[in-house]
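Read from first to last, the chains carry the letters A, B, C, D, E and F; within each, the first residue is number 1.
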Amino acid sequence: MFHHSGKLQYPVKVDKPDPQFAMLLQQAIGGVEGEIRVAMQYFFQAMGNRGDDRIRDLLMSTATEELGHIEMLAHAVTLNLEGAPVSYQEESAKDPIINAILGGANPRHLLSSGLSAMPVNSNGVPFDMSHIYASGNLGADMMANVAAEASGRTLVSRLYNWTDDHGMKDFLSFLIARDTYHQQQWLAVIEEMGGMEAQLPIPNATPTDHEATQHSYYYLNTLLDKEAPSGRWAEGKSLDGRSEYFVKNQPEPEGQVPELGPAKPLSGAQEEQITPMKK
Amino acid sequence: MFHHSGKLQYPVKVDKPDPQFAMLLQQAIGGVEGEIRVAMQYFFQAMGNRGDDRIRDLLMSTATEELGHIEMLAHAVTLNLEGAPVSYQEESAKDPIINAILGGANPRHLLSSGLSAMPVNSNGVPFDMSHIYASGNLGADMMANVAAEASGRTLVSRLYNWTDDHGMKDFLSFLIARDTYHQQQWLAVIEEMGGMEAQLPIPNATPTDHEATQHSYYYLNTLLDKEAPSGRWAEGKSLDGRSEYFVKNQPEPEGQVPELGPAKPLSGAQEEQITPMKK
Amino acid sequence: MFHHSGKLQYPVKVDKPDPQFAMLLQQAIGGVEGEIRVAMQYFFQAMGNRGDDRIRDLLMSTATEELGHIEMLAHAVTLNLEGAPVSYQEESAKDPIINAILGGANPRHLLSSGLSAMPVNSNGVPFDMSHIYASGNLGADMMANVAAEASGRTLVSRLYNWTDDHGMKDFLSFLIARDTYHQQQWLAVIEEMGGMEAQLPIPNATPTDHEATQHSYYYLNTLLDKEAPSGRWAEGKSLDGRSEYFVKNQPEPEGQVPELGPAKPLSGAQEEQITPMKK
Amino acid sequence: MFHHSGKLQYPVKVDKPDPQFAMLLQQAIGGVEGEIRVAMQYFFQAMGNRGDDRIRDLLMSTATEELGHIEMLAHAVTLNLEGAPVSYQEESAKDPIINAILGGANPRHLLSSGLSAMPVNSNGVPFDMSHIYASGNLGADMMANVAAEASGRTLVSRLYNWTDDHGMKDFLSFLIARDTYHQQQWLAVIEEMGGMEAQLPIPNATPTDHEATQHSYYYLNTLLDKEAPSGRWAEGKSLDGRSEYFVKNQPEPEGQVPELGPAKPLSGAQEEQITPMKK
Amino acid sequence: MFHHSGKLQYPVKVDKPDPQFAMLLQQAIGGVEGEIRVAMQYFFQAMGNRGDDRIRDLLMSTATEELGHIEMLAHAVTLNLEGAPVSYQEESAKDPIINAILGGANPRHLLSSGLSAMPVNSNGVPFDMSHIYASGNLGADMMANVAAEASGRTLVSRLYNWTDDHGMKDFLSFLIARDTYHQQQWLAVIEEMGGMEAQLPIPNATPTDHEATQHSYYYLNTLLDKEAPSGRWAEGKSLDGRSEYFVKNQPEPEGQVPELGPAKPLSGAQEEQITPMKK
Amino acid sequence: MFHHSGKLQYPVKVDKPDPQFAMLLQQAIGGVEGEIRVAMQYFFQAMGNRGDDRIRDLLMSTATEELGHIEMLAHAVTLNLEGAPVSYQEESAKDPIINAILGGANPRHLLSSGLSAMPVNSNGVPFDMSHIYASGNLGADMMANVAAEASGRTLVSRLYNWTDDHGMKDFLSFLIARDTYHQQQWLAVIEEMGGMEAQLPIPNATPTDHEATQHSYYYLNTLLDKEAPSGRWAEGKSLDGRSEYFVKNQPEPEGQVPELGPAKPLSGAQEEQITPMKK
């Protein structure tokens, strides 16, 4: 069960409202790199967690923190929209060159939300929950979480560059810090479970006889006019400790030509597919 | 530029067609864990790759291999639909208990595709390209790729369990093997770039003065009735080598109450929001 | 069966075409507050209407009117795009400060529709039919219809503020008027059915023994640091006439901890989830 | 800021797991009538609330309660999936007639989530955030909230009928009760603001001279072969107290034929559209 | 402006209701091959029609007919759901083998719509308006319309095979007939405009000096291990009458390697992308 | 199986990068008129092709060429983003009038992709795979392919007008040329199969007794105030050679009023729907 405090996790101040920055900030709310995504992803992973209740608690506790991040960002968007024009007259009265809101803001902040935040990204595309990755495999989920926090910190670092507002920079530096930790928090779960070698390949419980292991350790070079690039992926002991990497250049297809027969009558095909043309 | 061989990368055989398994296999084509996703993800990462052309070649070469995996899976779906009924009479003539196609198959295989594969998942939901993660940050992208291959191998392992068809099991064991390698291939890029400690936090080029580092190394416990779970995330040297982890229990909000003033006239609000009610 | 007159329901004139206003108007066509939504919502409610044929006729008649509103809006969008530039040269020849079309218009009006209306909102996001609410419960549907018309009139009121074109203002004042009526039309159905008290709780036909009525009349205050706000929701006779409202402060969870056991072998989990780690 | 208790708001028990009921329950999580929708809708309305802080607190407090409802439902789904087969052999060993999981369950519960809940509806379609209605107009938002709770209680009432599991029936009777209250809670806000007559038409702050009021109070009968249905919508004092309702039968279009001129050269049209055909 | 008659365009009868067939019929309402698509597509093409008002009238008249087709199909779905069970008890009382509704019907017909039609396809995926193709080019739009009617008639032909209900077969035979005409109606517009040779290439108004015509008439064979297939596409006068077709085998890339330089500092990349690794 | 050459199919040069043109170009990658669509559409049609292996080879060969077109366009987008600002300071240092990137570019090129291409359209909406039309009917699919290439050439013609960059114009003139051929390539398949008359109506294998042929050859005029427009669609031998066209003016509905009975108890309806109101 959830509870709520009236105050924000960290102060959110805007020195000079900027409707264009409000549009950019939306990416951190409703973008695939944003906070709705991580809050809901950790929540659903927690609800399906099996095997170690500490991980469930980590997931739910962090989901709960991320809900508070959505809250701060929503307030930041709204503060950036304070005083934005709501009519043609107001808009025209402003400096038409620098601040033309219709040219650089989300029109739905004006038309749909009454100057407040929405669960959409910076293009105005609503977040959809297909981006909640919760596979029931702890290794896969931890990697998905590291990826989410890495793209999240990348996004917030970029947002930091796009404002010169001191309040916003202070707020964003807090989010950058929390993403630093959360990336490592999920990698630390891998450590706690014995480290990457022990966890690979994911799922590590797939029986070996379900796998054509002769195809498990080579880099396949499908490039017609280039040698395979050299590097760690092409040689040395495999990261799962089970084999050695090698390169397979100029691959030949091993399978058949995927030919199908004629179509069935009454299957909705053209006659010529049922009784094929002579070539 | 791309080229095509007429044969499949690996043999795809079906001993006994099964329209229900065709529906399940669709998840590996058009699901978020599937092959359209990785093919397109690696392709777009390759097109935006900056800094080391070897990585671009790795990405494009693997994207090209994954296109061939979509091809094999599409053929596998179609082979499982061979001989499926296309009319009420055919369906009724079958054993109505075990094989009732309308109860366990994708109806659009019957109505929309003429008994062949579609770019949809096992619920019939079309793949959408918002799942192509290509951030321009190599660290974030490699983690996203490991996550994609981990969920991919999890999915194919589950599909393997849901068939007793020898042809299908052989084919799926090949995909399991390739996912084993591809997980490690992307982690090997991290190794090649100096290892995880050097790459963290992602982006590792974000200047330290953009980060409120006093908030970068603690686990925040938002659980009201539980102690923070102990583990690697709560103590010891941080995985980025820059600090030590610690726990922050019973967090107090540090920010303000997010109060807004009254609404502007002509903003589309109710009168009571413009001239607020007395409480 | 439907029929069509060649003329519009109400005159649609544009004194001075404005591609930016064309973009804003799209919200009233393809936005969730727009006319495709209400036309299709009333249509599907009509097709599933049970119990009183007058309501079906009301729904279908109003759906038919709303189709004519889409028509007027589509013409309004197209008139605002008349004379818009279709090439770099034309665009550059215009005053680059005020009218830069690429900075404040929908680029797909230029690229995809040939300067005419599209079934998208003001962000260019296509309308999707999941927003057609038709539950088969007349009370729920009437409330959904009032909500749709309320957000519709809010939107059109905001659009009215964003233009100084006399033709557009006249046209929008007509839409504002029709939304005034339609809000009340659906509330009048509630009146005709005995009023709100008789209709609550929706569905009013759910048997009382399907309901844990001891939980039906309190406001639950989940705020840790605030008293429950006082007001009509916290005291007095309930609006369904069945009880009295009261407040439940500082709620204690009554349920269990949602713990799951270990994962099944062959379920695609990591080994550590099948044979859990010791803590 | 949010906090979390380890226990559920109300006990969630399942006497006999049922994967088909797990699929149905998903509608209450990720359906448009479900709990993600109301939690997020109230949250975003709270963040944009202007004019009366009590309403913000009501909204945020209830959003917080609804997060706990998602939690209970997610656990209910997972409990119904406990013991579900994860392989062909297990499935075949069961009674193939009654419980064939592939024919009546969500295949992604088997393939994608590892037997736990997902943020999707009962068709497996992910929830998308375009369904979060938060207009910045308190009247419109309250009606949207009543509509959401009405469709929610309709859904849970239907789910109640589809199970004979005592644990599930007890749990669902709690949700039915809370929806009873929440419908009335939002209507009570209307009462607190002076009642429906004072709030209509929404927005009540739209200036009268923005409205063609001669079109504000008639029912328009677009049916060619039927009289307008009689009822409260067709006569008597208007619900906003400003006028009287009447009927307009056999409407004549008042507008023009929406003719456009020829297409511009270089606009991507066919020649015949630029230099039109003679008729 | 639109008007409505109370009766359906053609009789819709169901001899024996079948909830599974109701699910299949949904494809003809909310599928990409369905009637919402053509109704809305012809409507938006009509609203943007330029150059010959006869075509606008054809489009709007046919859009209006298609609205009546949605109406008939919605009634057909609802009739097939008449008498469907709404509770566990009813469902269990029926023959559990043949008619198990949960295994072969749309669960949202039970949970969301109260046993009536919805704007979704046979997988329960809502129709989205991105499928409304209206390009402003009459040639492109006519081909899109022929394609829509061709897939529509294919779908209805398949539905015809999946029922043995006389009422449904009679109704579907009417839809098959109308699709026969509508395919040809749109091709007849091409005829009226001078025929296919005159209309090609679409747009026929694109100036020749915008086109690298040396690349306009060859079939490019990208297959590594196959000769180009012989046929009309490989030889003879081109269908636009401007040239002769030929084959280009074993194509060599003519462009450059798409290399990018290092990433900019502060662009959110990893350090290694800004100061690239030595190879 | 697929293979890749390191070079592009055709040179892609940008003389002067332009972030706004990058945004427009995205329509040709991720728009419904774009290259992902045709590549994937031809691929899935190839995989389900039945009856003539030459057509499968044509489809797969062209799918492979189109993959190379996505590649060129992705490089064109990225080249147009080279040197774009990544911070407020850089942006402000530019001419704020002409080049304000936030007002006319895709913000996700700055925030999400690190200045490279994405699988989205010019509104930033991701491509979704529901637009892959592959029906299993060769006639329907060829028409869909002509339509796709026609809208594609229309789009590229419009893009050509929106740039004065010589490199871009040269590149786009190549795409215009290939679309010229591909339109005709698919029409040539119709020729090869006996021509349009032989292929109509699609599917031409639907038995005549499945069709109410008395309804197959008339234009239905649903316009109340207009005569049917005269033209080829209204008279003369039908294009399928089976009949003559005629006009049906002022159509009378032939079907019934779609009345439903009262709602079932326990179906989630209001009481008034179960025991209907007297009228």
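Convention: a residue touches a chain if its C-beta (ideal position, glycine included) is under 8 Å from a C-beta of that chain, and two chains touch if they have at least 3 such contacts.
Small disclaimer: the values here were computed from a predicted structure and weren't measured.
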Common touching chains of chain F and chain B: A, C, D, E
Set of chains whose contacts include both chain E and chain B: A, C, D, F
Centroid comparison with chain A (C-alpha atoms), farthest chain: E
Chain at maximum distance from chain D, centres defined as averaged CA atoms: F
Of D-F and C-D, whichever chain pair has more C-beta contact pairs: C-D
Chain D-chain E separation of Cα centroids, rounded to whole Å: 28
Separation of chain A from chain E, taking each centre as the mean of its C-alpha atoms, in whole Å: 31
Per-residue multi-chain contacts in chain B, two or more chains: 1-9, 32-33, 47-48, 50, 53-54, 57, 60-61, 64-65, 68, 71, 75, 78, 86-87, 97, 100, 103-104, 112, 114-116, 120, 123-126, 128, 130, 135-137, 139, 154-155, 157-158, 161, 192, 202-203, 206, 222-224, 226, 230, 251, 253, 255, 258, 260, 263, 266-269, 279
Touch-based graph of the chains, sorted into line, ring, star, complete or other: complete
Chain B to chain E touching residues, read off their complex: 1-7, 47-54, 56, 86-89, 91, 96-97, 100, 102-104, 106-108, 110-112, 114, 120, 123-126, 135-139, 192-194, 199, 202-206
Chain A-touching residues of chain B, taken from the complex the two chains share: 3, 5-12, 32-33, 53-55, 57-58, 60-62, 64-65, 68, 71-72, 75, 78, 82, 86-87, 114-116, 125, 128, 130-131, 133, 135-137, 139-140, 143-144, 146-147, 149-151, 153-154, 157, 160, 169-170, 172-174, 176-181, 183-185, 187-189, 191-192, 196, 200-203, 206, 210-224, 226, 228-233, 238-240, 245, 251, 253-258, 260, 263-264, 266-269
Contact set on chain D toward chain A in their complex: 1-9, 30, 36, 40, 43-44, 47-48, 50, 57, 60-61, 63-65, 67-68, 70-71, 74-75, 78, 112-120, 126-130, 132, 134-137
Parts of chain C lying in touch with chain B, wherever the complex brings them together: 154-155, 157-158, 161, 230, 266-268, 279
Parts of chain E lying in touch with chain B, wherever the complex brings them together: 20, 23-24, 27, 31-33, 97-98, 100, 103-104, 121-125, 154-155, 158-159, 161-164, 222-226, 251, 253, 255, 258-263, 265-274, 276-277, 279
